[in-house]
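Quick heads-up: structures coming right below.
Both complexes shown next keep subunit A, but they swap its partner, so subunit B is in the first and subunit C is in the second.
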Partner chain A sequence: MSEIVHPSPARRLAGGRLLGSSQLVLAVILAALCIAISLAAPQFYSEANVIAILRQCALVLIVASGMTMLIITAEVDLSVGASLAFVGCIGMAVLNATHSLTLGILASLAFAGGVGLVNGLVVTRLKVNSLIGTIGMMMMLQGGVYLFTREAVQNHHQLSSFTGLGAGYVGPIPMPVIFAAAIFIIAYVTLRFTTLGRYLYAVGANEKAVRLSGLRSERLKLLAFVVTGLCVGIAGMILASLMNAGQPTAGRGFELTVIAAVILGGTSLLGGRGSLFGTLLGVLVLKVIDNGIIILGWNQDLQMVVPGVVIILASYLDIVRNKANVR
Partner chain B sequence: MSHTSMTAAPDKAESSFFARLLKRQEMALFLCLVLVIAFFSFTAENFLSVRNMTNVFGQASLALTAGIGCAIVFISGEVDISIGALLATIALPLILIMNGTESLVLGIGGALLFGLIIGIVNGYLTAYAGINSLIVTLGMMFILRGGVYLYTGQRAIPDDAALDSFIALSDGRLFGVIPYSAIIAFGLLLIFAYMMQHRPFGRQIYAVGGNPEVARLAGYDVRRVKFTCFIISSLLATVAGIILAARVGSAQHTAGLNFEFQVVAATVLGGVSLAGGIGSLTGMALGVLILQFLSNGLRGLGLPTEWQLVITGIIIIAAVAFDEAKRRRAIGG
Partner chain C sequence: MSADLLHAATDMATPTLEMRGIDKRFPGVIALENVDLVLQPGKVHALMGENGAGKSTLIKIMAGVYEKDAGAIRIQGREADIKSPRDSLRQGIKVVFQEIALISEFTVAENIFLEGYPTGRGGGIDWKKIRADSAALFKRIGFDVDPSARTGSLPVSQQQMVEIARALAHEAKVVVMDEPTSSLTPNEVALLFTVIRRLTTLGIAVVYVSHKLDEVFEIADTVTVLRDGRHISTRPIGEHTNETLIQDMIGRRIDNLFPRQRTAAGTKVALSVQGLSTAKKIRDVSFEARAGEVLGFFGLMGAGRTELAKAIVGYDPITAGTIAIDGSVLAPHDTRTGVRLGIGLLTEDRKTEGLMAELPVYQNTSLASLGTFARMGFIDTARERKAVQEYVDRFRIKTPGLFQQIKNLSGGNQQKVLISRWLMRGLKVIVVDEPTRGIDVGAKSEIFALIDRLAGEGLAVVMMTSEMPELLGLADRVAVMCEGRLTAIMSREDATQEKILNAAIG
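Moving on, here comes the complex of A and B:
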């Protein structure tokens, strides 16, 4: 416990290694997947399919960007899936009432950010383990969304700008991908090149040392929770736009996909170690697998089985590689 | 060893018997349970009837059985979140074998064998391959749930054999009063609580979860202890899955969704720490019963299921926060 920011990503960059330890494994897996799928189904590389993959990555990547920061501070948020569904319903209801896209987005950001804030306060002030605290929040949101609305909140406002959030394009690139890219870049720069980013790593690696050196570790964790919440707010609006409705049943299991992508990307659940680039690779691997299963015409239920195998396999390969390195 | 960390807190001022009794985690939980029961017996109709009481114990048997395994894995310093998916999966060998052979023993044997294999895989990957248990069991959860979807094509597989002995597992009652499922659950609870408190293996589990390094130096085989805990957890989840399959009379692909979260919540509510080495099976059982009586009482008040979810969520957070505050005050004072 003596090292504070031992496996610092900045140091790795300085050392000239672009790919961190676990990312290398992941990049190889991703490449192998792409080659294997494209050999079996040449249409894998068609422009339409690549764009489809990117679009499916977008929602997961947006939330995973926040989640990576949070897990780096050694906390976790299991309420993101339930929150995603709730946000869509609230955003749609506000849009129906006000016919204003700005107000709708503000409402959903405020709601999701508020959920993140409450999660953060429960964890940092009440000292509740984040796994339990956010399971509690997940239950409250799952129950709450049905109290709010029994069925899907339909689109009664027909704002074209709202439809554009999910279904729009800039050139050939879908809008969700642009949102995801923007959020990813902001988060990436923050984590890698700013003092704030370094503090987040430090809090996860050794909270006591951080507190002793005069930083307010609770504030940093709280911030990570709120950022994760805001990411859910954005993703929720995009999802509502894609489905053209606020679905109370949406987002079931979403939290597990997001966490799986982050873990797959090599971010340690113990905190202090991980990178957003790894998360990007993790999201890509999961979604390329999903896509491969569809274009190869396999049973779609394999979309659950294969990621399960991949998560365990990737973690195992990472451990084997680390052992080889030590020798 | 478990709860001594709570009782060992310095108590200079309050030395009266009652105050010391109150300091025990299990006692506080028991008082909570009494309060919950007292509250609903005044407000909810028929709450105190024998029928309703025994029903609650029958319903609690699932979470209670799986909770034993969950708590033991927690105490060993690991987590197992594959139990919900396992619950759904073992119904397949169970129902398929029973439909094929008309034999309850063979069906249960097949289900236990399946659960044993999953426990061995989880335990091996965690204890021997060294992968984080949250990752292993998250992966396993995906694999099992996906496997059930794949095999069933998202349709329920009915229990065509409809053996009397199997149906008795769901609605059979000893002397027409106590559900068999509750007897199974409390029987297992007694056996494992005895093991945890009075057998060397129980002490090893506490030692391994409390401080693996010290446990290793004391000559315990840390890996084997953790490996065994995962097998226990999977086998107990299998037993819970058998009871559930009997209750719904089929193998359902959606069975046990979110079950792992309910069990984890009840276990932590019962004072079993995720950090390992702390907690007791009695505490876990009280946690399960509090949540079960709560949801039963709320239903008795005519509140919809959604409100039950919301209130349960709030209570879990409040209980853990309260416990944490008490612990810090004990350390600080």
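Moving on, here comes the complex of A and C:
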């Protein structure tokens, strides 16, 4: 088999530059969006609006950080939306029962981490495809939450520290944004600088090679599932705090937004390739579009339509750019 | 010499296909420069060259996958314009690629008539006719394949026959076979050759792309050698010897394909396998491998070499027996323990089990030893890259840089990276499975030298191979397998081709 060696410079490498060229396309799209929206509606750049956008990004970014790791290992978790709603209800119920924020948070982390663990075991032990396995989990959680509670679990204690999780500020910056930033940085450092991060890429790139190298590829995948679950736990508590209740109907379609952001950011569903920085840009693009549609006063149903178009367009641009590199 | 022959050839008959002065450029690479290829009806024309010589590019131009940048193509004397695979097929050129392009869920007959199903009354597809026509085509090539079998269920050898039948269905004048024997058993190769000869009696010009010398000597009438995108020679096969062909292909002489540098092997047992069985294949296999020796395992297709290799490194589960590395039993039976005790596998299937194709060279090299470059889980990348660079220099791995994606390297260089992966980790026993599969002649001798050096440095090397010269050239002792059992172990001195084959047949 003879093939031509294209002497292309190093690019699109895992843990390569801060801004790989696939993120460049996205950065340009983001900039274009910001400029276009602010021309049509100058209030786009008001401090209040910028902070609103960041706050909306926070929940998605928290879960997308875990999801990026998971998709890099070539697996995916579709149950995060359903889990998000359930977690809020559980956390709220435990908080009500114990009057302890710590216990409430621990309960929601344990629940969401447990969901991730089960997802991971189903995929790595039972060898069920993660797409199917986590759809199953999604259905179980969507139904299960109604077995748990028919209606929203109200906050009985009005703990100010609990309300602070979602609605509080540090200076001008909302608490959820601080949580998101912290999780993003931890995930970024892990993927970029640690052996664990490198192994996650390796498992996605070639699981068999990783196993032959004496590494436990299944443990790595399992870990990525659990981490994704824990991120859902944190996001779920913040959401419950924002709504001051555990809402069984919350989180519908949340998994799609998260996965869309990760894919938009250039992470390959085939595994082995992707970056958290791209995910950040992906989240920003989606939320800026959301925000733009609202402040321009467009029909809100476009909030689903436009991102759909953007995802297809961005993927296509990525292909075009790749081809241009090779030719 | 070659020019004379071309003149002689044009006098003989109108060539079926004539490619003149073909140029093809990719950014930064000249893939083909002024290449000629002239095919005569009813002849087998071998196209040879190392990886990157331009063979693939040339046949892809024939197949309409690439468009040529310059040059002319004439089919039976008439100027032809090939712009797409469809054009190519319409003009009577059928390329059977190494990775066969059939729809595996369709039946054989459906695949053969893929481009245009004959229709019966009312415009429905005439299934009866399709099946009958398919059977007739197979009869013409003298090979029987069930037209209603699901294509994906057939072995590669039969899928090739389906492709050839497709060629006949399109009344192809040129059939190109791209490395057709890379996954065939010796029997299947013999059958393929019979079919190829049948094609030539039908007046079809066959292009045979390969780098297996013995096959080319057996089947080809004429050989064209390409090197670095240039035409080197076109000669009748009778004018070639092994040496002249290799010399044309690599542009230099290889004096000794197996440069053995080692002295006698030690006596310390590094690997001891007792009564090993697996669920699938291996039955009660026992042997020992000593530090500093190459223990060669030979066997025909399906003898269980790969299965044995995967079992002894802890990758595939075992049902009975023990494996001990330097006296320590491999338990629990997994690769993690295996690597910790010092045994590793250089896999036969680089693409699916070895390479992380999208990742850079340095990450591929350090995979098994990443822990040694880390403090508290953080990788010291400077130290890591420096260590990798040493291996790149030491083994002369040709890569534009450590950040190059490994998929862009040649097979030989990829193999060197994978060997480096293990050397960096530090092993006592290395199991190498078909170490030169898909690697061209020049790089082969480098891989042999590397294996020789590994043993010289005190590793026990267990080498699985189906290539007799490789076995006899490298191994200190020869073990022979047949249907999952070990049928003979002999020393290098006792091993003859005949004895080995006898044991391999069982």
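Definition applied: the second predicted complex is superposed on the first by the 309 of 327 C-alpha atoms of A that agree within 3 Å, B and C clash if a C-alpha of one lies under 4 Å from a C-alpha of the other, contacts with A are read in each partner's own complex, and residues count from 1 in each chain.
Everything below uses one rule, namely that a residue touches a chain if its C-beta (ideal position, glycine included) is under 8 Å from a C-beta of that chain, and two chains touch if they have at least 3 such contacts.
If you're wondering where the values come from, they're calculated on a predicted model, not measured in any experiment.
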item: Touched partner set for A:208, first subunit B, second subunit C, both or neither; value: second
item: Touching partner for A:307 - first (subunit B), second (subunit C), both, neither; value: first
item: Subunit A contact footprint on subunit C (complex, rising order); value: 26-29, 31, 49-57, 98, 178-179, 182, 313, 315, 335-336, 338-340, 344-345, 347, 352-360, 363, 367-368, 370-371, 374, 377-379, 400-401, 403-405, 408-411, 421, 425, 438
item: Parts of subunit B lying in touch with subunit A, wherever the complex brings them together; value: 125, 129-132, 134-136, 138-147, 149-150, 154, 261, 264-265, 268, 274, 304-310, 312-314, 316-317, 320-321, 324-325, 328
item: Subunit C contact footprint on subunit A (complex, rising order); value: 1-10, 12-14, 16, 193-196, 198-199, 201-202, 205-206, 208-216, 268, 272-273, 326-327
item: In the complex, subunit A residues that touch subunit B; value: 78, 122, 126-129, 131-133, 135-140, 142-144, 146-147, 256, 259-260, 263, 269, 299, 301-312, 315-316, 319
